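Below are two complexes that have subunit A in common, paired first with subunit B and then with subunit C.
Let's look at the complex of A and B:
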């Protein structure tokens, strides 16, 4: 995992970020603040309409915020376009171009950083011929070409909006493998939105859960899991004080609850560490649970550490 | 080169699966001292898991003294486990025993239970975690 000296320790930093698509509409993002440390592979999760695509498009410099600021690799969004790759949900490619033409476009648009051999290899691994037209490709093949276009510019930050939604399991596995290999070799920071929690659990080491226009859970996945406990026992939610109860459900004569620990848990409760899926579902079902951001993911009120 | 197989449904943490499969390869003689483990890049390309998961597993193997990381070169096997290659006399004896057990009408579960009980008798595990309510 190498990182060049020009890569800042923070890939993405939002401060009071807001985006509203119209005067009457509820804001997609509202006073959203967080920090994504460089080198992480982060899952952007949230219910439909939570603002995931908006946040990714803001980071890519395709939309402008209506409030607050967003810094991308230490600069304004769009300023370092050659070091940020964005793969939109609909993977816009020119259908009339061949694969070779598409990659040549990548080379022309990214003259300083383009790695032609690498882009060509990603295409070849999918058994695609450079002379094929984009129009004739399947969804998975198009995603592969789009990924080759994105990785060929050797980005420091990859922004992926539902990258694997239309792929069969094999193509998904192969392309995720390609992406992970790139991250292993170059220390690329990845932020990707997805609904498929089981897929994220293997690939990601960092989580940003969006809800109500803000980050509700943010941090390293191991740290977030370790901060929570699943408890089961005979008692009431009130007995669980001083812990924060994220979600509680009846279980026989007692209850089972996901708590955020404040100190040790009373041994009368049976405890288990939650899975990522359990952690996410509990928070999605309880939109009013207080937010939790680990220190590295919180925006510091003062200076940014070098 | 060993290849890791990640079972998503096993409930065993992914990095633990890598540790266990490496140890199994050492026991079977598939890996010997001096052999290089696949790089994190090679593992994640084949398995589509997070690179840090592989590094965590390799750190654990290093902590146990089984492998060592050589800067810029890779991770190499330092010592082996069990030292019983796949074609050892002990394995041959076990195979003939298994054939006799089968001929005697034992099924897989019977053999499992019998083998487990002899194993426990000769290789006690003092720090074994007992299942709940069994203490």
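Let's look at the complex of A and C:
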């Protein structure tokens, strides 16, 4: 890797990335720049249509960007297909194949890295019979098979698009556990889009919030939480200067606001650290808030903002 | 990079003839289509062999006894209205051609639908592309494996059909039909379905929806079918049908004599001392030039369509 020695290895690096579907449509991604350090489990969140699926498909080498560049594990997207796993939003699988044949296909198409025992174990944990046809499986069972196919190739980077959307809570918990154990054991980088915020807080240590085609918030979750404060008190949003007010709303006679601190907060305000859900909701509700990327997540040599 | 690279345990299966990798996956995914194709080839080959052998006896006997009049008599013996199911040898002779043409249509539809279009519509193509297989390699396997089966199957059928033509074309009623069959049989019979395969794949990739791809591909193959044989603009003026019977008689002394025009009157034949009749219908010196020109043009179009298909897949994904 050609980056400086202090920077950790980078799994994903976007520079001015843009993708537009057709000339008249608004761009799905627009001048999007960020860096995802290797080994992180990153949540990709954003409102519907924010470009989450587009970003994941670009990284998987399924689409060409219309602008900018994207480096995946230091190479162009699609160059290291054997080391990148991708799970599409609708979990496509061949309906006419049995589970055993689906896994066999994984072995045949990933000859250098396939771990048959591991893939088989993931399927067996779901009480699925290898002879069953994919056609006859429920949505959640299909997700399990699709995940077994993705994990069986022992990827260095996993791109998961809404992986858990159609799983029951128990299966979701089990599969998340499998996924996270694998990631922790092998240092796999995971980038996963999801709407289930409570879940993300448990499993992810990194966050990329997409909005308007760009990263609005990016970095380690702890760092991001620490950079923000939830304040309550009497006063107006203007009184909170020089802090950046992400969102404020009236509460009783005063207001509650999520701020990005610039120095110490006036003790007249009651402060607490926001939860991840509060942080995300505040940013989703105020699309005009300035972007914040922690140093490890920016592509520029200098951090733009602290 | 600090990422640990895991080396998968080396596969212990060493059955050398077993299909591996993409070949296995294409064969497994399109297993049903493969069996249907094999059944089609076997059935059509069986029909061709039957026409070469036992089915021709009666018409052959009529020709030898009455000359061209016997051919006409045998041809009009059909009891049914539909020529496809008629029992007359002159009608049955064209049935394999109809089957091979239908096979070509089926190939074009298969390529546009199940082979390519449906995979793009369902997202299963993307599933394959996110294994360790690039879209270009995926497409190459998707085209090469069916192409091999097509060449083998249609090659066998075209060879059997040529053999049937050489043996029994003298049992056909003269006119426009034998001529167009004659000029369409040969290497071009094998290449035309390949063009259907490449065009179907191209349309499937470009349209990415099963139903519109099926419709467009069917139309595209209809155009090929309409020009097949002897109707391409590059083949120049369409040659007129050959209505002459090209038959002759052999008398009891073994000398070749002209047809005495007795029709099916045995008394008249005896009077002229006719032992038997023979006929050689439609040898044509321009068969190979026309056939090879058509084959070349079809091959060039196939290459063009395949190149375009690869360009589409490269433009869409890396």
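Keep in mind that, in the parts below, the second predicted complex is superposed on the first by the 292 of 306 C-alpha atoms of A that agree within 3 Å, B and C clash if a C-alpha of one lies under 4 Å from a C-alpha of the other, contacts with A are read in each partner's own complex, and residues count from 1 in each chain.
To be clear about the criterion, contacts are C-beta pairs under 8 Å (C-beta built on N, C-alpha and C of every residue); 3 or more make two chains touch, one makes a residue touch a chain.
Please read all numbers here as calculations on a predicted model, not as lab measurements.
Steric overlap between subunit B and subunit C is absent once the structures are superposed on subunit A; the two fit side by side. In the superposition on chain A, no contact is made by A:263 with either subunit B or subunit C. Once chain A of one complex is fitted onto chain A of the other, the partner contacts of A:169 are absent, as it touches neither subunit B nor subunit C. Looking at the shared chain after the overlay, A:22 reaches neither subunit B nor subunit C.
Residue contacts after overlaying the shared chain place A:106 against subunit C, while subunit B stays out of touching range.
Comparing subunit B with subunit C, more residues of subunit A are touched by C.
After overlaying the two complexes on the shared chain, residue contacts for A:115 are found with subunit C alone; subunit B is out of touch.
The superposed arrangement places subunit B and subunit C with a least CA-CA distance of 16 Å. Common to the subunit B-facing and subunit C-facing surfaces of subunit A are residues 1. Across the complex, subunit A meets subunit B through its residues 1, 41, 172-174, 176-178, 180-181, 183-185, 198, 202-205. On the side of subunit B, the complex with subunit A involves touching residues 6, 8, 14, 39-42, 44-55. Every residue of subunit C that touches subunit A in the complex is listed here, in rising order: 1-4, 6, 8, 11, 20-22, 24-25, 28-29, 32, 122-124, 126-134, 315-318. Residue ranges on subunit A touching subunit C, taken from their complex, read 1, 9, 38-39, 57, 60-64, 73-74, 76-79, 81-82, 84-86, 88, 90, 92-94, 96-97, 101, 104-115, 149, 153-154, 156, 186-187.
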